[in-house]
Every structure is written in C-alpha cells, then in structure tokens.
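Take a look at the structure below.
Residue numbering begins at 1 within each chain, and the chains themselves are lettered A, B and C in the order written.
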Amino acid sequence: MASRRTFDLRSQPAFSFVALFTFFMLYLPIAALVMYAFNAGSSMAVWEGVSLRWFYEAAGNERVQEAALRSAVIAMFAALIATIAATMAAIATTRTKPYPGLTFKYAFINQPLMVPEIVTAVALLIVFSRIKVWTGYSGLGYLIAAHSAFCIPFAYLPIRARLENMDLSLETAAADLYATKWQAFRHVTLPLLRPGIIAGFMLAFVISLDDVVITEFVKSGGQDTLPTYMLGQLRRETTPEINAIAVAFLLFSVLLVTAFFFINRRKV
Amino acid sequence: MPAAPGRNAIEVRSVSKLFGTSEAQVAALDNVSVGIRENEFFTLLGPSGCGKTTLLRLIAGFDYPTEGEILLYGQDIAPLPPFKRPVNTVFQSYALFPHMTVSQNIGFGLEMLGKPKAEVEARVSAMLKLVKMEALKDRRTSQISGGQQQRVALARALAPQPKVLLLDEPLSALDYKLRKEMQIELKRLQNETGITFIFVTHDQEEALTMSDRIAVMSSGRILQVGSPWDIYDRPAERFVADFIGDSNFLPASVGAIESGIARVKLLSGAEISATVAEGYQPKAEATVAVRPEHATAVRTGGQLPGSVENVVYLGTDTHIHIKLDSGGNFTVRQQNMRSQSCGFEVGERVGVQIAADAAQVLKD
Amino acid sequence: MTSAAEIVRQAERDDVRSRWLLSAPALLIIFFAAIGPLFVMLAYSFMAKGDYGDVRFGEFSLDGWFSVLFQRDIFDDTIGLADAHLSIFWRSVKLSLITTIVTLALGFPTAYFIATRPPHTREVWVFLVTIPFWTNLLIRTFAMQEVIRNEGILNTVMIRLGLIDQPIQLMYTDAAILFGMVYVYLPLMVLPLYASMEKLDFRLVEAGYDLYATRLRVLWRIIIPLVRPGIVAGSILVFIPSLGAYVIPRVLGGGKSMMLGNLIELQFGAGRNWPLGAAISITLMAMVMVALLVYVRNAARSGAQHG
C-alpha cells in the first residue's frame, strides 16, 4: 500500500528542530549545575564520584544559614507589605471609568519595572547611605523598603487581572442584598480575590528572594542574603558547595512556581 | 385581566438620566413618569437600548437619576444607597456568588440585615422549598444548571421579603422550553408571595403572557402603559403596533369621532369605523393600524382592492401579501385548514375585507 | 434639599477620593524607595565629587556629565573623548542587540513550536519555559558558567570528541557575556511571542496556502505580520534588561569585559566618582526610555491597525 504524504498546514521547515535545541539549551546548564553539586571532590575541575557531601557542608555553614534566614525574613516582610499595598492599589485602579490620575497611578506602580535595576540600586545607595548617616539606623528596614517597592508591580499584576475578570454585578448584588460597602468587600470581593492575592504574594516573595543587584547596593555590612552571599563566593575559587546551595535554591523556586501555576489555574 | 387598581408601590416622577460627558450626553431616560401598583406584575418592554434596564437600575439604586425623583410607597428613595432599599434584584447574569453554596447565597441578604441565625435558616429553607431546590442546597452555584441558577437567584432576591422585586431579563439565558416553564413559575411565585414584580424584557411574548400591565419603551421614553390586551389591541402609536405583533398601516382621513369610534376614509375610498387611540389629537390625515389576522382576502368585494403578490405557507396559517391598487401593501393572515390550500394564486385579483372593529387610529 | 445631580456628583467625588486613599500606600512606598531616589541621583549628577566617594553636597558642577564622554589629559589638560567609556557604551549596545537577535532567532521557532502543539501538551511546554524564567538570575548565570568554563561541559565534551586539544577560553570574554544573556533572557522572548502566536487564527494560514503561497511565503507574509506585536514586545523585553545587565557581565565577564552596569558600579566603588556614576545611570535610563518609547509607539500603531 502506498503511503500518502499529507501536507501539514502548521509545520514550518526546521522549526521543530530549533525548538527542541532551544529546550535542550535551556536545561543543559541547569543539568550541569546539578551534576557538579553531587561531585565528591573539592575541586570544580575534577569529577570524583557522586556524593551528598557538599549539601551537608552547605547546610552546616553558619554564614549560609544566616544568609538564608535573612533572605526569608526580608522576602516575607517585603512580600507582605507589597501584597497589601498592591491589593489596595488594584482595587483603586480597576473596574472604574477613567478618573483624573488613573494613568498616573498605572505609570507610578509599574515604574520599578521600567528602570534598570542597577540604576535604582545606585540611586537607593545614594539616598539610604545618607539616611544611615543621619539616623544611625542601619538595620534590615532599608532592604525591606527597597524590596517592597520593586515587589509591588509583581504583586499588583495577578491581583489586578483577577479583579478585572470579576463580575462587578456580584458586588452590586451584594449591595442589593443589604451588604454595606465594607460587608460586600469582606464577604464577596475578598474571598473571590483570594487566589489572586495568594498568587501576588508568591510572585512578590520569589522576586524578593531572587534579588541580587538592589540588595548588593543597599545592604549594610554583614547583611548578606543568600544571592549576595553566592555572588560574593563566585569571585573566589569556588567549591561545589555553591552548586549545592544553588540546587537547593532552585528546587525551592521550582516548587513555588509550580504552586503558583496551580493556584492561578484554579477558578474560584 | 387587568389588576385591581391599588396604591402605587413605585412612583417614577419626571425622571431623566443622562450618560456621557457634558459635551456629548445621551439621554438614556427622557422625562419618564409612571406609577407601578402594589402587587402587580409590571413589565418594561422595549428593544435593547430603550432605557428599560436603566430605569430598573435607578429603582434599585445602582445609578442615580440626573433629574426627577422615584418614590417607594410615597417616600423619596434618592438618599438611600442600594443596601438600604427594601428592593431586590434578579440580575440578568444572576450574579450568584461563586464561592458560596446555594443556601449561603439565599441567606446572604438576611445575614447582611443582621437577622438571627434561626430566622435566616428558617427563611432559607422556606425559600428552597418555594423554588423547589431543597435537594441541591449544599451545592456550589457553579455545580448547578442554568435553570437551577435562575431559581436560586430568584430565591435569593425574594428571601429578604422585599417590597418590590426587580427582574432584569432573567429568562434570556435559558433555552426555549425552560423559558416557558419559568414564565409559569414566575407568575406562580408572584401570586404566592404577593410581591410587586417589575420585569424587564425585550420579548413581547414573555411580556404578554405574564404581565398585569406593560409599559412599552423606546428611546428613553415610555410610549404606552396598559394591560396586555390594551397594548396589543389598542396600540397608541405606530411603534407599539409595530413592535408587538405585526400590523398593516394604512393612511386615512379621519371624519367624525363619536364615543371613541371614528369614521375613517381609506385611500381606496372605502369608509370604515375604527377605534381611536387614547390621547389622539384630531387631525385630517392619520394612520390606521390593522392586524393581519383581523382581515381576510376575498374574491369579490372588500374595502381595499389589489392583487396577490406572494403566498407564504407557515404551517398554522398562511400569509397572503397583497399589493393594493391605492398604493402600499397589505398582509392578511389566514388560518390553514387541513387538506385544503388557501386557494389564492400569485397575480390573482382580490379584495381585502377588514373585520368590523378591527382598525385602530394611531396617535402619531 | 439636595438635587439628584448633586448626589451623583458627590458620590463620584467620594469614589475618586477613596480610590486615592487606597492607592496611597503603594504610591508612597514606590516614591520613597524607587522613584524619589532617582531624582536625588539626578541632583547628585550635578554636584562636585567628594574625595572619598559621595559628593560635596550642594556644590554645583558639570564634571560628572562632562566625564561621561570626555576626559582631560592629565599632562597637558587637552580634552579628548573618553575612549574607555565609549567602548563600554558600544559594547553594551552591541551585545544587547546581538542578544536580541539571537534570542529572536531561537525564540520564534520555539514559540511557534509550542503554539502548534495540541492544547493539553502546550501547557507543559509553556511550563518548561516558565521554570527557568522564575529561577534566580544569578543561579542561571552560574549555571551557564558551568557550561562554558574551561573545565565545563562544553570544553570537556569537545575534548573527548577530539574536536579540540586545548579548552577554549570563553570565560571573561564578550562571548561569555553573550552566552549568558541569551540563556538568561531567552524566556523573556519566548513568552510574549507565544502569547501572540497562540491567538493566531490558523484559518488565515489555510487561506494563504489556498491562494498558492509556499510555506516560506506564508511565514513571511502572513504569520510574521500577524505576530509582529509579540516580536516587538519580546525584543524590547530582552533588549532593555540586556542593556542594564550587571550580574551577567560581572560573573561571566569578570573585570575584563565590562558593560554599563559594571561601569556604574565602578564609579560608586573603586572609582569614587559618584556624580559620574549618577550621570551614566541617568544616560542608561534615558536609553531605556527611548527603547520603551519606540515600543509604545509601535504598539499604538499596530493597535490602530488591528482594532
């Protein structure tokens, strides 16, 4: 029986090949990173067999523990502040006819996305270093403030998207059923908005956790977060310990993103 | 069956509603006045964009009139926000809270009013029974069918025992059969609860079936208010006669009017008697409306001679389109008999015989 | 008695006021920790530099801006172009452009590939692009280092295959930065491209074939024009962060191959020339704004075309 060649409308020459190559390229470095984390030897150059040694080393390293904890604290506070501020802002800027200042607000809220991080970083260095001198305070507050600011647009995104897809008639119905503005918000808007708020919080958390540049310039001495600690280590001769930290970090990010993916897909 | 005139539950006084900026304003409502009686099933009927939903939203308090006032049992409700008006709405989209169960939806209004828990529960189960939804009370609203959602929306709006229930095209999302069922259901609920219903629709059949009275609206104005019979058989304006059912419009000169009956002379020269629309201002030239089913095509005689242009068989009846010698067209609707065609051929000479008391002189 | 119109106006005023109150926290945080400092930096760029970093507060000077492009010869005081700065500007723009082109060349077929998968597998492919996207940028840069360093995967494999005898020195070169930026910013190209390809109506492709177009012509005359907004969005999303890259050139370029981000850091660190650093920062920001403006105008135009 002669086989008939069908004409595939959607295919384009070599596209699939390039695509598969791209996916290979996306994961090859990560695979290399993970592989070296399990190297038994202490040099990055020579492969000496599989071992969990460097994971134990990293976990036992006090500076790593401190940096990880600091990262978590900053991310928690920054994400919390950013999510609350972004939720309020999202309510204030959606489901309304245009009013004076609305465009200004959009621009303002999205501003941190428009400016290169290094520029914001040195600008914050200038201002915060002066405030540090004036007030004598050099705690984590500066990092939390800076992180909150650049996390707001990320938290704002899913919350606003959720609000815009929400039927305004639900709140109208609540008002019709004797709910005051606050009650309508509390019993109808907020529960329906929850997945958006959770997604926004998680996004903000990841973004804060991942930040290198702004943290590097704003931190005072001894305020390393996990990423800035790693950046510092990369200047030296590195051991696979840094791979182990990176792999743990990576795993955590993947878990968060996966959770985010599923929360965002949930309808109610 | 016109309802016994009672006092007015809602009184709309010279209400106008303008939308848009001050440069380009559109009047969604243009000086509308109407009284809606206690315990009646009142329908606002008109094409989309006629202002019927706007009027409903003004009564509910979701929008405010630009001018005029709305009284609820004699009291101006302008200062009341929607959550303080004893008026509830069944939304076109139902607007059921997706994160609550059927029971929670129904109990929401009573809870917001701060009613004791026992009372809320009792009322919710009474409502579930009323709309026959007891079996599904713990379902999420996303897990029930469109018809069931419709019932829940109704129960939710009825639960707080509003003085007036507003229904914004609530049946438009249902399929034909379900719509028919719900029409009967709605009428039953209105009878059982005795609550004033204000029903918005663009579906003339729905309006005629359910309403005690109908207000026909167009371009932000109310053209005529009356019982279904009034609206269908005594249309005041051309728009009303055209929007509800089919009509033939004939130019005529109006002679003497005596106790609501006028002698009119058609272009063919024939004279017939016709009822006169309420509010008709005497003038020499007027339009007369005749329903297609109120005229017959005859081979000899008739007031309007012409020739058959087209014959359309429609199952229950046949439409015969006739080109009149005096200009214009006339459609006659004839009931079909079994094993017998209407017998007319295209091109055949016929006369249109208008039944006695079938013509109405229109206001415009 | 208040008129009906008065009530409406009052309600609208209240609404706008409460909307301002609600957005106040977000606006204040961003003002305090993002926008405000930019203005302070602008002011700093016009001050004289301090001896040990910082500035001499309030002392006006154009030296910072002057040194962005020019330098004074230390011996004879003649004014010449600051070659070092210019070459870094040029390298930043060049590397960013190449990165954009390479990511587009790889990203376009990839996005098309995803968009033509059956709907349920499409999500998986998108997810595969999303994971690297949300992974820490530093970790991804580090991962690329594992590939291209002398003892890395690339060199090891090539030596094993007998293609080369000695490892190729890629680290601390422009090529290393390029590898890093392409790798790190590739998802930023694929995702917007995919978003616009997903909306592509394949009946138009059918119509193209029906009217005798070849595959290449369908691609060129139908698919590419229709997904142009995605191409522009992806290019901008890659170009802008490339221009301001800091971590990638620092890690992969070492101190040798600098980009604007590193030049800025240098002025605030060892260079101790804050006004110059501020001036370069503002220049970088202005370049980004121009790119954004091009994008906005482009988006507005294609919006007008389609809607």
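Just so we're on the same page, a contact is a pair of C-beta atoms (placed from the backbone, for glycine too) under 8 Å apart; a residue touches a chain by one contact, two chains touch by 3 or more.
Owing to the predicted nature of the structure, the values given are computational and were not obtained by experimental measurement.
Among all pairs of chains, A-C has the largest number of C-beta pairs in contact. Among the other chains, the CA centroid farthest from that of chain C is the one of B. Between the Cα centres of chain B and chain C there is a gap of 60 Å. Here the CA centre of chain A is 56 Å from the CA centre of chain B. One inter-chain figure worth recording: chain A and chain C are separated by 17 Å, centre to centre, where each centre is the mean of the chain's CA atoms. For chain B, the set of residues that touch two or more other chains is empty. Among the residues of chain A, none is in touch with two or more other chains. Of all residues in chain C, none touches 2 or more other chains. Contact residues of chain C toward chain A in the complex are 15-16, 18-23, 25-27, 29-38, 40-41, 44, 54, 105-107, 109-110, 112-114, 116, 125, 127-132, 134-140, 142-147, 149, 151-153, 183, 186-187, 190, 202, 205-206, 209, 215-216, 219, 240-241, 243-244, 246-247, 250-251, 260-261, 264-265, 268, 274, 277-278, 281-282, 284-285, 288-289, 292.
Interface of chain A with chain C (complex): residues 7, 9-16, 18-23, 25-30, 32-33, 36, 44-46, 81-82, 84-86, 88-89, 91-93, 96, 99-101, 105, 108-109, 111-112, 114-129, 145-146, 148-150, 152, 156, 206, 209-210, 212-213, 217, 227, 230-231, 234, 242-243, 246, 249-250, 253-254, 256-257, 261. In the complex of the two chains, the chain C residues touching chain B come out as 2, 4-5, 7-8, 11.
Listing the residues of chain A that touch chain B in their complex gives 167, 169-170, 172-180, 183-184, 187-188, 191-192, 267-268. In the complex of the two chains, the chain B residues touching chain C come out as 64-69, 78-79.
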